[in-house]
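The two complexes that follow have chain A in common; it is paired with chain B in the first and with chain C in the second.
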Partner chain A sequence: MSTTIKSSKKLKSATRQESRVGMFFVNSWLIFFAVISIIPMAWLLLASSKTDPELSSRNPLAFGSFKGYINAWNNLTFFDNGVIGRWVINSVLYNAAIVVIATITASLAGFVISASRIRFKKTFLISTLIMMLLPPVALVIPLFVLMDKVSLIDNPLSVILISSLYPFGAFLSYIYYSTTIPPELYESARLDGCSDWQLYTRIAFPLSGALLGLLAFFAFIGNWANYFMPYVMLYSGENYTLPLGLGFLFSSTPAINPGVGATSVPIYKPEIALAGALIAFPIMVMFLISQKRLIRGMLAGSIKE
Partner chain B sequence: MRITKRAAAAVGVLAIASSALISMPSQAANPSLLIWVDSPRLPGAKEYAKIMKGKVDVKVELHSQGDLLAKVQLFNRVKKGWPDVVFGPPNDVAVLRNPIIGNAREISTLLKAQEIKNFGKLNDWCKGSDGKYYCVKNDMAQSVLWYDTALFAEFGYTVPTKMSELFAIGADLAAKHPGYSLGALSDAAAYSSYFWPSQCPLNNELSATRVLINSKSPKCTRVTAALQPLIDKGVFYPGSAFSPEYIKIAQEGKLVAHIGPSWFGEFVLRPASSFNIPTGRLTAAPMPMWEGETVNYSGEWGGGIYTISPHAKFPRAALDFALFMVGDKRNVVDVVNPDKSTGAPTFPAYIPGNKLWKAKIDADTYYKASPYAAMAAQAGKVWTGVKPVRYDADGAWGAAFAPEMAKSKDIQKALDAYATYTSNLAQQLGYEVTTKK
Partner chain C sequence: MSKPRGYKQRNLLMMTMLAPYIFLLIVFGILPLFMAVLEVPKISIANPDGGWDAFKIVLQDFRFPTALKNVLGFMAYFVPMMIIIVIAMALMLDVKTNKWSKYLRLAYIVPASISGAVAVLVWWAIFEPTISPIKSVLHFFGINSARQIWQTENLVYLIAIMTFFSMAGNWILIQYGSLQSISTEIIEAARVDGCSAFQLAFRIKLPLIRKYIIYMAVLVFAGGLQIFVEPQLLNTGVYTGIASSWSFDQLSYELAFKSGDFGGASALSIILLVPSLIGALVVIFKTDMFDDKTIRDKKSSDKADL
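Up next, the complex of A and B:
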C-alpha cells in the first residue's frame, strides 16, 4: 500500500515537473512573440521623441525628449493651417458611417442567406464568396464610372457607400446565423406567425451581440487605414481622410522618398513616425476595448450540440 | 377679373425675365481654375488664390507629384475632372503628351514674346521637337561642383576644371587621406552628375517612336572606367547620399566635394538633419569638363514642371498661375514655406524670378562664397540630348541601378542593368530601342 502511495506521489511530482518545464517553454514562446509584437510599436512611439539625426545615431529604443514629440506635432500641424485636424475628423466621420452601415447590412445579408425563405439563396452565397475573392483594384474603373453616373465623385458618400460593401461580413454573418441559432427556433417563430423581418429583429438580432462586435471591429480595421478607395474617389483636400492626406503630404519629402531631394516641407522621419502612431492608435484602442467580445464572437458557432 | 389678368400678365413677364436671366451667358462670371500642387508648392498656390480673389476663382488641391498620371485615365473615361494646371516631375510632360493620355497643352500660342524671352534657355526641357513649349519649368536642378573650401585649403587642392583633375583629387584622397569622400553615387546622383554631363546616351528620344539607349557607348564607359577604381578605394560611396551611413560620413566632416544638383546646398549639404556642414565652408564651382569636350555640360536631378490641361477652359489663366509661381516676387521671395522659411527653395527657371532669387542666395552668409555664379553658368549648359520620355526613366534608377550597385558595387554592371530595364520599359510603350543614332 505504502509502495503504491509512494509511486503515486513520485508520478505526481514527475508530472508537476514536466508541466513546469512545459509551462516554461510555453511562457517563453509567448513572451518571445509578445516582445516581437511590442518592439515595433515601442519603436514607433519612441521614434518621434528623437530628432532626425538622433534616429540614425542613437539606440533605436532610446528615448529622445518630450520636446521631440512637440516639434514633430508642430511640424505636422503647421502645414496648411492644421489641415491634418480636418483629415482626422473626416476619417472619424467616414469610418463611423461605414462601420454602422457595413455592420447592419452585413448582418442582414447573412441572416437572409442563412434563414430566410427567398429563392436563389445559393446564388447569393456564391456571389458573396466571389466578391470576397475579387481584388479591389479590379473594381476601380466600374466603381469610378458608377459613382460618376450618380454624381458622387469627390463626395465622401462615394467612399462611405463603396466601403460599406462588406462581403466578408455577410459571409461571417451567414456562418454565425447558420450555426449558432438553431433552425427550430426560426420554425417555431414562423408557426407563431413571424415574418422574416420579425425573425431578424426579434430573434436573430438580439442574439447576435458577439457577431455585431466582430463585424464592427473588422469593418473599422479594414477602413480606418484604407488609402486606395479614398485616393481614387476623392480629390479635394477638404474631403481627404487622414491616410490619404498624409500620403500626399509625405510623398514630396525626402524622408519617405529620397529621390525627391529638395523640399521646404519640414517632414522628417520623426514626423512620419508620429503620424504612423496616430493612425495605429485608434486600432490599438479598438482592439483593447473589444478583445473580450472579439474572442467570444470568433468562438461562436465552434461547438455544435 | 381684370386684377387676375394683370396678375397673370405680371407673373408671365417675371417668368420670361427670370428665364432670360437664367439663360444669359455668364459673361460676368470669373474664370475658374483648378490647381493641383504638391506640399512644397501649396503655400505659393494658396497665396495666388488669395491674390486673385474676385478676379479668378482659384481652387487649390494638395496632390503628390505624378498623381495626375495615376488618375488621368479615369478622368478621360468619364470626360471630366481634369485639373487645369498641375505640378509634376519633369518627365511627366512626355507621358502627358502621349495621345492616349492627351493632357499636356501646347502653350507657345498662349505665351507673349516677352515671356518666351524670359525663359531664356531655362525652359528648354519643355520644348518639343516641333519647337513649341508644352510646359513651364518650375526650377532648374543643374549639376554643379559643391566643395568644402576649408578641406580644399587644408589638403592643398585647387578647384578642378577638368574631370581628370577631379579624379586626381580622388586618387590623392585615397592615398593620403583615406576615409574622405567625393560623394555618393546611388539614386540619380551618378546619372545627373557624371553620365548625363558626359553625354552618355540613355533615354535619348530620337523621335516619337525611337529612343537611343547604349550603356556601352564610350561616353558612358569613360565614366565607369574613371569612377570604378575610386569606388573600390572608398572615395565614392556606392549607396545613397540620403542613407544614414553616408550622412554619418558627411557629418564627420569627411566630404571634400560632391557634384550635385543646384538644390544640394540648401537641402542636403546644409541641414542639421542631413550633412550638417558648418557655416562658412561651402561653395559651388562650375562643372569640370570631360576631356576632349568644348563645353562643361551639366545634368539635372529633379526640376519640376507645370503642365496645362487641353481641357482647361481658361488656359491663359492657368499659364498665369505657372508664371506667378516661377517669376513673381510674392512667391519667389516672400511666400512662407511649411518649414517657415521664405521664398522659392530652388533655382527658378524663369529669368525675372531667377534675378529675385539671386539676391536672396547672395545675401545668405552660410556659404563661403555665393554659389549662384556657378549655378547660373551651368543653367544654360544642361546637355539637351536627354529628352523627356514616355516611360519612368527616373524611377528606373531606384529600381535597377541602385540594387545592382548595392549588390556588386560594379558601376558598369549597374548601368547595364539600368539600360536593360529601361529598354524593356521603352519597348512596352512602343519605342524602338536603338544603340546607334
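Up next, the complex of A and C:
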C-alpha cells in the first residue's frame, strides 16, 4: 500500500498546479452561490424594519429600527379588523394538528408494517411509496369534490385531514423501525407474553425519539407554507392561513399591486414584507437547526453511512 | 414458522394501530383517484353529452396549447437547471470538506424557506429596481422599470428561477449526503490510480449516485408539471393578467371554479397524473432506492443512526 502511495506522489504533484487553480474557481463559485442564497432572505427580514420611503431611499440591506417591525405589525392589524392575528393563530393551530396527527398515524403505521405479518403488507407499502412520489397537489380537484360531498368546504378540518396523510412519514418510520429493532426482539417479547400494543409502547416507542423529531420536522416544513390545497378548500378570510392571507394582501392592497387603487388601510411594502417574514422565518429556523435531519430523512432507506 | 397462539387477536391489534393511517391513505389518497375518474364522464355545459369525450374536450380547450407551451418551456429550463446545478454544487462541496463548508451548506438551505406566496413577494422585490437588493446589477443591465422584466413571454425563465431557488438548497444537501455515502476506500483507490478531481467526479462519483439522481429527477419533473402558486399569485396579486391560465394546474383550477366544469378539471388532473405515476413506478421498481433488500442490508451498517 505504502509503495503505491509513494509512486503516485509524482503524478499528484503534476496535477497540483492545475488543481490549485481549479480549487480557486470552485471555492469562489461556492461562496458566490452562498451569497446569492442569503440576499433574498436578508432583504425580506430587513425590509419591515424600514419605512416605505426608506425601502427605496436607503441601502436595501440596511437595518431600519426595531420600532419599524412594531409599526409594520400595528399597521397590519388595521387590515380587516386585525384578521392577520387570526391567520397567525390559524396557521399555528392547523399546523400543530397536522404535525401531531401525521406524526402519530405515520409512526404507528411504520411500526405495524415493520413488526407484523399482517396481510396486504406489501400492498400498503407500495401504495404508500406511490403516494409519496406523487406531488401532493396532483389530487386537489378530486379532493375538493370529495370535501364538497361531505360538506367540509371552508372548514379547517378539510385542510387538517388531507394534510395529515403522511406517506413519506409512514415510509420513514417503516425504515426506522426495521433498521433499529431486530425482529428477534419482538419474537422474544411475544414469547414473554407481550401484546402487540406492548410491543409498541415498551420496545418501539422508547426507541422512537429521533424518529418522531424527524417526522415532525418534515410534516412542519411540508405544510407551513402550503398554498394550493388550502386555497381551494378555504374561502372565508377568517379561516385563512398566513400564506393564503399573504396572497390576499397582494390582491387587495396597493402595496405591490399597482392595479389596486389607494385604500384606507396603511398596508405598504414593509407590512407585506413582515407578513412574508412571518411565513419564511420559522421554516428557515427549522432548516438551520435540523440540517442533518433533512439529509438523513430524505435518503433513509438507501444510504449507508 | 408456526403461528404463535392468539395470532388472530394480535393481528387485530396490529390492524387497529395501522387503521388511522390506512383510513387517511384510502380516503385522501386512493378514493380521490376514483372520484376523479367517476367525475370525468358526468354531463356538464362543457360536455353536454357526457362520457369520456371530456378528455378530448379538455385537450381541445383553446387554453390547453398555451398552458402546454408554457409548462414545457418552463420545465425545459427548470429541470436541467435543477439537475445540473444541484449535482455540480454537491460535487464541488464534496471535493474538499473544510470548516467553512459547514457554513456554506447552511447558507444554501436558506432560500428553501422562501417558497410559494413568499417567493412571489421576494422575487417581485428583487426585480423592482427602486427597492431591489441587487439594484446595481439591474441598472448595469439597463433595467429601470420592473415591467421590462415582468412580461408574459419572460415567465418561463422567471418562474424557473423562482422555483429553482426554493428547491435547490434541499437537493444540494441531499445529493451532498448521497456523495458522502460513497466509501472512502473507493475514492482513495481512484486517487492512488491517478484520477483527477474531474475524472473522480464523472467516472466514479456520478455513476455511484445514479439512483439518487433519478429519484431527484422524477420528483423535480412531477413537481414542475404541477406548477401553480407562482403564476397564479403573479396573475391575481401582482401583475394582473400576466399569467392567466398559464399552467395546467391554473387551467384545471379555472375549469373547476370559474366554469364549474369539474369533469374537465378532473380529466386534466388525470392526464397530469399519468407521467408522475410512471415516474414513481420507475423509481420504485426500476431502481433499488426503496428495495426491501437495500433496506435490510443497511441494518448492520447504521443501527440507530437515523
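Here is the rule we use: the second predicted complex is superposed on the first by the 213 of 305 C-alpha atoms of A that agree within 3 Å, B and C clash if a C-alpha of one lies under 4 Å from a C-alpha of the other, contacts with A are read in each partner's own complex, and residues count from 1 in each chain.
One rule holds in what follows: a residue touches a chain if its C-beta (ideal position, glycine included) is under 8 Å from a C-beta of that chain, and two chains touch if they have at least 3 such contacts.
As the structure is a prediction and not an experimental result, all values here were calculated from the model.
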item	value
Chain A residues touched - chain C or chain B, whichever exceeds	C
Touching partner for A:Tyr200 - first (chain B), second (chain C), both, neither	second
Which superposed partner A:Thr51 touches (first chain B, second chain C, both, neither)	first
Contacts of A:Ser251 with chain B and chain C, given as first, second, both or neither	both
Touched partner set for A:Gly222, first chain B, second chain C, both or neither	neither
First (chain B), second (chain C), both or neither touched by A:Val145	both
Which superposed partner A:Ser164 touches (first chain B, second chain C, both, neither)	second
Chain B versus chain C as contact partner of A:Asp80, first or second or both or neither	first
Touching partner for A:Pro266 - first (chain B), second (chain C), both, neither	first
Overlap of the chain B and chain C footprints on chain A, listed as residue numbers	56, 140-141, 144-145, 232, 247, 251, 259
Chain B - residues contacting chain A, complex	36, 38-40, 42-43, 46, 59-65, 67, 71, 74, 77-78, 80-81, 141, 187-188, 240-242, 244, 247-248, 251, 261, 263-264, 266-268, 272-273, 276, 301-302, 337-341, 345-346, 394-395, 397-398
Chain A - residues contacting chain B, complex	51-53, 56-57, 75, 78-80, 83, 140-141, 144-145, 148, 153-154, 232, 235-237, 240, 245, 247-249, 251-254, 258-268
Chain A to chain C touching residues, read off their complex	4-5, 8, 11-12, 15, 18-19, 22-23, 26, 29-31, 33-35, 37-44, 47, 55-56, 60-61, 101, 104-106, 108-109, 111-113, 115-118, 124, 126-131, 133-135, 137-146, 161-162, 164-167, 170-171, 175-176, 178-180, 182, 190-191, 195-197, 200, 207, 210-211, 214, 225-228, 232, 243-244, 246-247, 250-251, 256-257, 259, 269, 272-273, 276, 279-281, 283-284, 287-288, 291, 294-305
Residues of chain C defined as touching chain A within the complex	4, 10-11, 13-15, 17-18, 20-22, 24-25, 27-33, 35-36, 39, 89, 92-93, 95-96, 101, 103-118, 120-126, 130-135, 165, 169-170, 173-174, 176-178, 180-181, 191-194, 196-197, 211-212, 218-219, 222-223, 225-226, 228-229, 233, 236-240, 249, 252-253, 256-257, 262, 265-266, 268-269, 272-273, 276-277, 279-281, 283-284, 288-291, 294-299, 301-306
